[in-house]
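Please find the structures below.
Two complexes are shown next, each including chain A; its partner changes from chain B in the first to chain C in the second.
Right, the complex of A and B next:
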């Protein structure tokens, strides 16, 4: 059986199933509103996003991209976390196992399809902000710059988050994973006094994209202990996040195959 | 009969529901040992375990467990209404989380590792105990009530967890904004851990605000639970939620 067809079919099916979820749109809207409400009251953000003329176009666009990557990936991870357990809950897993399509194609299809659908509300909200920037600055160059910033800063983090959200829920109870994920997002991105964080040891492992943002664009939005990063370090962080996300899904496929073989 | 029912509900929910707060505090304790090893004072982190981590854990679990039961359709045909079963489960999870938090705060107090900045040294011991209780009880009830309501309102357990987690991270990331904006204090959930303090005692003018904040959180939590209880009566909504996910 053509495995690409299985992959494409799974991706298409998961995409439509996820994009039609009412919860996806409402959750992302609520998180976006929370973000806008908090940004609107934060002094540094207000200065940059409301006095657009004072800052370079790159600074404003990358600032906005950074704000998006603060909270919306949490919704992304949480909404992907129930995709694999759902197959088990609705008892379709056994049905899938009896089909000739390979497990890897189906899991990677799920990862891509559900991930792409969950990305759409985030991208739509991001484009709204970019639209405001274009309207205020009358500079259409903001659009390609925004797409570049989104692809470089937000997408690698989402690859990482999506991969682990799909993989970890194969063996972790979904609410427990969601709790651990929220804790990780805090611990893995923000430096709290002298509490050791994972990025102290693996500097590129910052899924919020701070190292990529500083390394490739020279801008980062919040009071961050990371003061500088070279373009090479930015690239290293990007590749690390994408690689680890894919590796998590690959490991899941191998783990499930092994588990099946044991049965 | 009553205890049989409790035992039965615990077995139905699974031990993972009750073990989660214990595992959370064990994880916090182990990480604190690491902090001690690298000469960092762990008391504030331990307090964060009580004030921030147990509430979000309980919130996500309640938002997941209460709106859905594997045998929901059968449950809805029983003379005992589902909202009563769901509320019993919520109370059990809350009691377990509160028990773990209470035990942990007692251990921290005994080891002199507690971090409670709102201390009135001249108050009697019982009042001091209630003060310590308010540190974690108010956010625990608030997070549990909020996640229950969001899950039921959006008919999605994942949505409840996602919004609560985003709110939790938002509180940490934008803590300065929350502290500076007085009208946002009713949703400032974790002031003990997040408010930067020079000393371990809050300035006198902030103590009144802290108490007001606790009462507001408890009041809002009560409203959330009443709303949740009302929404649990909506059997059609519960069934739709089960099929929509």
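Right, the complex of A and C next:
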């Protein structure tokens, strides 16, 4: 049996089911509006916007990328969190377990398909900002640079967040996970006075991508105490985030297989 | 595809014995599995479908040993399963859902898969609503979509667990006819607690109680075993009492006619009646209790 076909099929249908969700578009629009509101209230953002010409194109594009990465991944994680419990809720799990398509192929397909669908509104909003930058700077080079920055700064964090959102809800009640996840997002990214944070111990583990931003693009992300990072540290953070996200899904598959065998 | 179950046990957490040394041989064709709720039917179905692992015992489906991963996967390739609580993605259309299931069942050739989906939609009379979301379907339509998904891979072994539960009489008849048509050279295992469904579709059947097989044979054999145990008692007095179960009560002009299964001690006004499958079910379910009561007397 071709397990790649199962993976691709699961990815395709999970994509369609997620992209048609009204909650996806409503949640992302609300977060995007919140971000727009934040831009209006953040001095740095206003300066950058009103004096686009004074900054290098790279700085402007990466600044915008970091801004996107500030809140929208919370929506990404929250919207992926119910994908696995939904199989239990709708009772398709029992049906699918009676089929020869492997559990791992299906779960990885779900991760990729639902993840890609959830990424689309984020990317659309991101492109809107890139459009403004192109219009203001008259420099089309902003487009490839934006794609590069999006892939390097935002995607690894989403891999990480998506992996844990799919995996943790196998044993955590979804609303509780979503609440804890939102708390983790700020604790894991932004230094709050003397509160010890996870990145105090593992500097690369900033899912917002601030170490990648500073290490690979040399652009500082606001709200972050990180003052310096080498390109190697940026790359290390990128690989760590992607690797941990994939590892979480892999561990989920093994855990579910073990659980099924114990039933 | 023949199925051989030998001393099968399933113990859930908390020492709940769902199957107790179950022995059963299931031949080709339609086979009915009768039993009350909690008899272990659904556990057996789930083990046969490779969803649950038995605690001990041997299970051979065709030539495949279900205690191995290889055996389970081989059986699942040739299996169609319609569970009791049928799960569907409510936001997919019937066509999309069937296509997805086809992929998970290993129908890799897209053209063949699509052709098969259309054939089955036609067969279960859902072609006209194939693009409608499943959440808009009635219970009967969902069941038909369920049987269509079970048949996608043209299975040699089909498991249907309580397929007519919750359907109106017309849908039930339609569904039963569909199942009978499907039997052919397949093994179709129909699990239910609705005696009528078995009577109308199966020649061979088994009865389960407390995780054990308490009867296996044909419907005529089941009826023969019950002959001489079914009585009709007509009385104008109080409700008869004794070592039996009242299966029906019919008001007559001045009195009542009771149909009982068991052994009425007072046979005044009692006449032997020809057993139905429902009577036979009641007799087989309770015959040990009747015997124990007789010994106690």
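Following the convention adopted for this analysis, the second predicted complex is superposed on the first by the 261 of 263 C-alpha atoms of A that agree within 3 Å, B and C clash if a C-alpha of one lies under 4 Å from a C-alpha of the other, contacts with A are read in each partner's own complex, and residues count from 1 in each chain.
FYI, a contact is a pair of C-beta atoms (placed from the backbone, for glycine too) under 8 Å apart; a residue touches a chain by one contact, two chains touch by 3 or more.
Quick caveat: nothing in here was measured; it's all calculated off a predicted structure.
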Clash or fit (per the criteria above) of chain B with chain C on chain A: fit
Chain B versus chain C as contact partner of A:185, first or second or both or neither: first
Partner chain in contact with A:194 - chain B first, chain C second, else both or neither: first
First, second, both or neither for A:82, with chain B first and chain C second: first
Chain B versus chain C as contact partner of A:74, first or second or both or neither: first
Most chain A residues touched (candidates chain B, chain C): B
Chain A-centred angle between chain C and chain B, computed on Cα centres after superposition, in steps of 10 °: 80
Touching partner for A:95 - first (chain B), second (chain C), both, neither: second
Superposition-derived minimum Cα distance between chain C and chain B (Å): 6
Footprint overlap on chain A, comparing chain B with chain C: 21
Chain C-touching residues of chain A, taken from the complex the two chains share: 1-2, 5-6, 9-10, 13, 16-17, 20-21, 87, 90-101, 106, 260-261, 263
Complex interface listing, chain A residues touching chain B: 21-23, 26-27, 30-31, 34-35, 38, 41-42, 70-72, 74-75, 78-79, 81-82, 86, 173-176, 178-179, 181-183, 185-186, 190, 193-196, 222
Chain B to chain A touching residues, read off their complex: 16, 20, 24, 34-35, 38, 40, 45, 53, 56-57, 60-61, 63-65, 150, 154-159, 161-163, 165-170, 172-174, 176-177, 180-181, 184, 244-245
Of chain C, residues touching chain A in the complex: 46, 49-53, 73, 76-77, 79, 81, 83, 85-92, 96, 100-101, 103-106, 108, 149
